[in-house]
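What follows is a pair of complexes built around chain A, which joins chain B in one and chain C in the other.
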Partner chain A sequence: MLDYIKLYLDFSKIKLKTQIESRLSFFILIICKIVGFGATGIMLWVMVDKFDFIGEWNPYEILLLFSFNMITYAIAGCFFYDFFVQLPKRIRTGELDEVLIKPLNPTTYLICRGVSAGYLGNVTVGLIAFFISVANLHIIFSLKDILMLILLIFGSSLIQCSVFSFSYTPSFWLISNNGVRNIIGDLKSFSDYPIAIYNKVIQFLLTFMFPFGFISFYPSQYFLNKSDGAFFNTSFPILTILVGLTLAFAGYKFWIFGLSHYQSTGN
Partner chain B sequence: MDFWAESLSKHWELGGITMPLIEVRDLCKTYEIQKRKDGFKNTLLSLFKREYVKKEAVKDISFTIGKGELVGYIGANGAGKSTTIKMLSGILIPTSGSVIVNGMVPYKNRKEYSMKIGIVFGQRSQLNWDLPMEDTFQLYKRIYKISDEMFKRNVAFYTELLDMSDFIKTPIRQLSLGQKMKANLAIAMLHEPEILYLDEPTIGLDVISKDRMRKFIKEINKEKSTTVILTTHDMNDIEEICNRIILIDKGKLLFDGEKEKFKQFKPVNTEVTFEFATDVNLEKSERYNIIRDHPLLKTISFNKQQTRLVDVITEITQKYDVKDMSIKDNTIEEIVKAIQ
Partner chain C sequence: MSKYLFFIKNGFKENFIYRTNSYLMILGSLVGLLITVNIWQALYINKTSVSGITLADMIITVILNSIILSFTNSNIAEDLANRVTDGSISTDLIKPFNLKWSMFSTQLGANIFKFIFSSFPILIIAIIFLDFRLPKDNRYMVVFILSFCNSILLSYILNYIIGLWAFWLKKASYPRWFLDASFKLFGGSVVPLWFYPDALYSISYMLPFRFIFFEPIKIYLMKCDLNEAIHILIMQLFWILVLFALERIIWSRAQKIITVFGG
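For the complex of A and B:
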């Protein structure tokens, strides 16, 4: 474990060194980050200021939902964004060969190579949104609530991680993976809003088939004392952790299964 | 007596029983390739029904390799060389058959196994483009957990042997092909692997770089008794590096033996291309055939066993005004023909 942390630090140093070396692209990167955060901030502000109730949810409650989604996506992206987004290219070019001949676990090695501190910014924006919403909704956290919050963020982040795996691992078999990625992406974007507003069929899909409801909707319900939604059950917030663990395990197995079907490329 | 000494030095010992370092048995690799048909209609149909063609890239190959051997793994394009190397190195999983190296199954014991091997792919670099060699060495020191003492020794040794000191601080993307190749070799050997796999290591390199690479390979084989398996197209690589040849064609083993024995297979035909100063009408002779006939450029082919090269050249140069000529070296394709 310690070795991997050291390796991660090494890769981070390399990344930073490379980025600073080409000054222009480094500054452009920083400007992009600032603009990106600015845009997200404005969007959140518009949401709170201009939106009315969506279903039974007031704007600050939606902000909470939104921040949940954002924080957990950023946590997952921190480890798996580069890992999986680069995967189709690595498969096509045969670059993955290099990963398989290293004396390291391929999964941990790719995580180390791809960890991006850039996502810490997204986490921060998410946390700010979270606190604004909590303050305005006058939610008081007991010790148990804080514990729950940590567990729910953990579970939800695991679901986000598995989404990366399920979206990109099919590129071991498909030349163009965009279809799968788009379908999963579209389904997931349903969970940007309280899923109780949708038709029952969609609610069913988002709860039992593609459990994206557990990313932000059901966890938020716990803190907001809400019970809307066609399939609401008091055990759902707790279930988030179980769903997270199960999906993360399945996503990991799927990735390993894909890796075993890696065909490499000719010379 | 000599025989025993030799065979003992080639094999490593395991509990009193001598075993080969690499043992390959009935190795097969089959790819499924989608059958493509022309026309838009067929493309649409292929959405629903697809036919696959099985391509046997490697077919029932068996061999054993002992410690310290320098093996040339050769064959024409698409013969299955790279596929075999990828199975030996654990990147690909065999369809059937087995590879056992040092008691390990490469694709199952990847982590442990990769400490024992080094790999260089001639056409693909495993280096980070933005880093100079210096930093890359440091990174690999960490990845392979190399001790300080061994690290210092090897960096100094390889830098000297490959003449790398003048570009060790340059980012890799700015290096020439030859320099990149040297860098890849040094990185692959940094952790002193027992086995070095080289897939077309000299492809695209100039004569001087090729020579440097060959010297390096021979040197590390001598110094560290590294077992080297290389695939190549260049007969000079084989001539200068290898002491054993394994030849495959269309995925099947065609020849496995010492280099001296391999050299007995002379290609039947030799080709010579002449460039004439003036437009000539080259007559057909009983000694040779004309296979390509352009006004100023003509290629002849003759049977090497029956006709001497010198005779053919003398005959033509005496009759015509020859400006230039080139003799086509023994190619692997020709030797494959000779063996069949």
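For the complex of A and C:
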């Protein structure tokens, strides 16, 4: 296990170095992401601010929701973006064949190679939104709250990781996984807003079927002392961690299942 | 002219290769519509009108935004940047057609595809369930269609200019992020300019982006008189001319860089 960690760190060091090797393009990438996601955040705030509330949520509470989404996506992306997003290309070009004959477990190898520094931009936007929100809402974090924050971000990041797996693993079977990826992305965008504003059927789906509600809505409720939503339960914030672990496990099994059905394009 | 028609057809076909994806796209855009409509309904609870805009106006705005987006969402910038960085632009330049217009035509084909598989279904649903209506005055409809054509051209030329950056940056680094962000922030593609705070409104007012989304929609909703609508058309043409001139300038500079690299 310790060997793996050392391996991971070594690989990451090389990967990160190559990423920032060309300073200018790395800088532009980060700026692009800050501008892109910053614009989304600003528009979200502008919209809710003009109307005072969406559901029971005020503009700064929406910012907290947004920052949760942003930060956990960045954490998941930092470790798994490259792993999954490159998969269709690796299958098409036969690069995956190369990976399979390496003297190392392919999953471990790909995870080791997959770390990405490009999420610095997302994290920056997420943190700015978080601090603006916390400062304006005068939220005071006790020791327990800080612990909960870490656990909830962990759980929610695991959900985001599993979304990557479910979006990209189908490319083992499909020539183009864009359709599947987009539809999952569309469903996930429900969780950009407090899910209490949707009708009960959608809320049910987002809580029990496609638990995107646990990415940001239920965790934010904990810090805002909110109890809106048709299926609200006080155990939901804690449940986030369980949902995260379960989905991450399912996502992992799905990936392994896909990998075992891999047929080389043959070249 | 006919060769450009061929490009349009090609752009359409390229997108239609993966049939299943096309049908999933319809589903996805309906989900998107459901979310946006739900959001505005939630915002309008206990309010009949905000800044003179009713929920019904807003629903029409959402539908029109989605139609305009399907026509202006383009890969021109990335495509051009890729051609520059991988060097294939050198062969593009000796082909017997204009690179810019061939790219625009291919993109128009792709956008027609996007319209059919993403915003046309939305339009149908909106007419049946959401009381989507045409402007009461036909003259406004005519001006809207003209301004809509202008906004497509405006977005393409903006894309092309952003793509030209690749000559200096040497990398096709996500040029689209900048455009999408500008459309959102200054164009009103998510929230119309009526709801903007003063500072953001004054910045947006100076930039061309609002002529792609907000101003055509304003005409459609008849939120301005006919004179003002004509004025919007003139302003769009003004920006198109300015941007084409800018593109010529950047292009002539870029050509010098190509000769440096060539050989």
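As a working rule, the second predicted complex is superposed on the first by the 216 of 267 C-alpha atoms of A that agree within 3 Å, B and C clash if a C-alpha of one lies under 4 Å from a C-alpha of the other, contacts with A are read in each partner's own complex, and residues count from 1 in each chain.
Convention: contacts are C-beta pairs under 8 Å (C-beta built on N, C-alpha and C of every residue); 3 or more make two chains touch, one makes a residue touch a chain.
Model, not experiment: these values are computed from the prediction.
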**Item:** Partner chain(s) touched by A:234 [first = chain B, second = chain C, both, neither]
**Value:** neither
**Request:** Would you check which partner chain A:124 touches, where first means chain B only, second means chain C only, and both and neither mean what they say?
**Result:** neither
**Message:** Looking only at chain A, is it chain B or chain C that touches more of its residues?
**Reply:** C
**Prompt:** Is A:197 touching the first partner chain B, the second partner chain C, both, or neither of them?
**Reply:** second
**Message:** Quick one: is A:46 in contact with chain B, with chain C, with both, or with neither? Answer first, second, both or neither.
**Reply:** second
**Item:** Touch list for chain B against partner chain A, complex
**Value:** 31, 78, 82-83, 86, 89-93, 110-112, 114-115, 117, 119, 121-124, 126, 128, 130-131, 135, 138-139, 142-145, 171, 199-200
**Item:** chain B-facing residues of chain A, complex
**Value:** 3, 6-7, 10-11, 14, 17-18, 21, 93-95, 97-98, 100-106, 260, 262-264, 266-267
**Request:** Could you pull out which chain C residues touch chain A in their complex?
**Result:** 18, 20-25, 27-29, 31-32, 34-35, 38-39, 41-44, 47, 50-51, 169-171, 173-174, 177-178, 180-182, 184-185, 190-191, 195-197, 200
**Request:** In the complex, go through chain A and note every residue touching chain C.
**Result:** 22, 24-25, 28-29, 32-33, 35-36, 38-40, 42-43, 46-51, 53-55, 174-176, 178-180, 182-183, 185-187, 189-190, 193, 197-199, 202
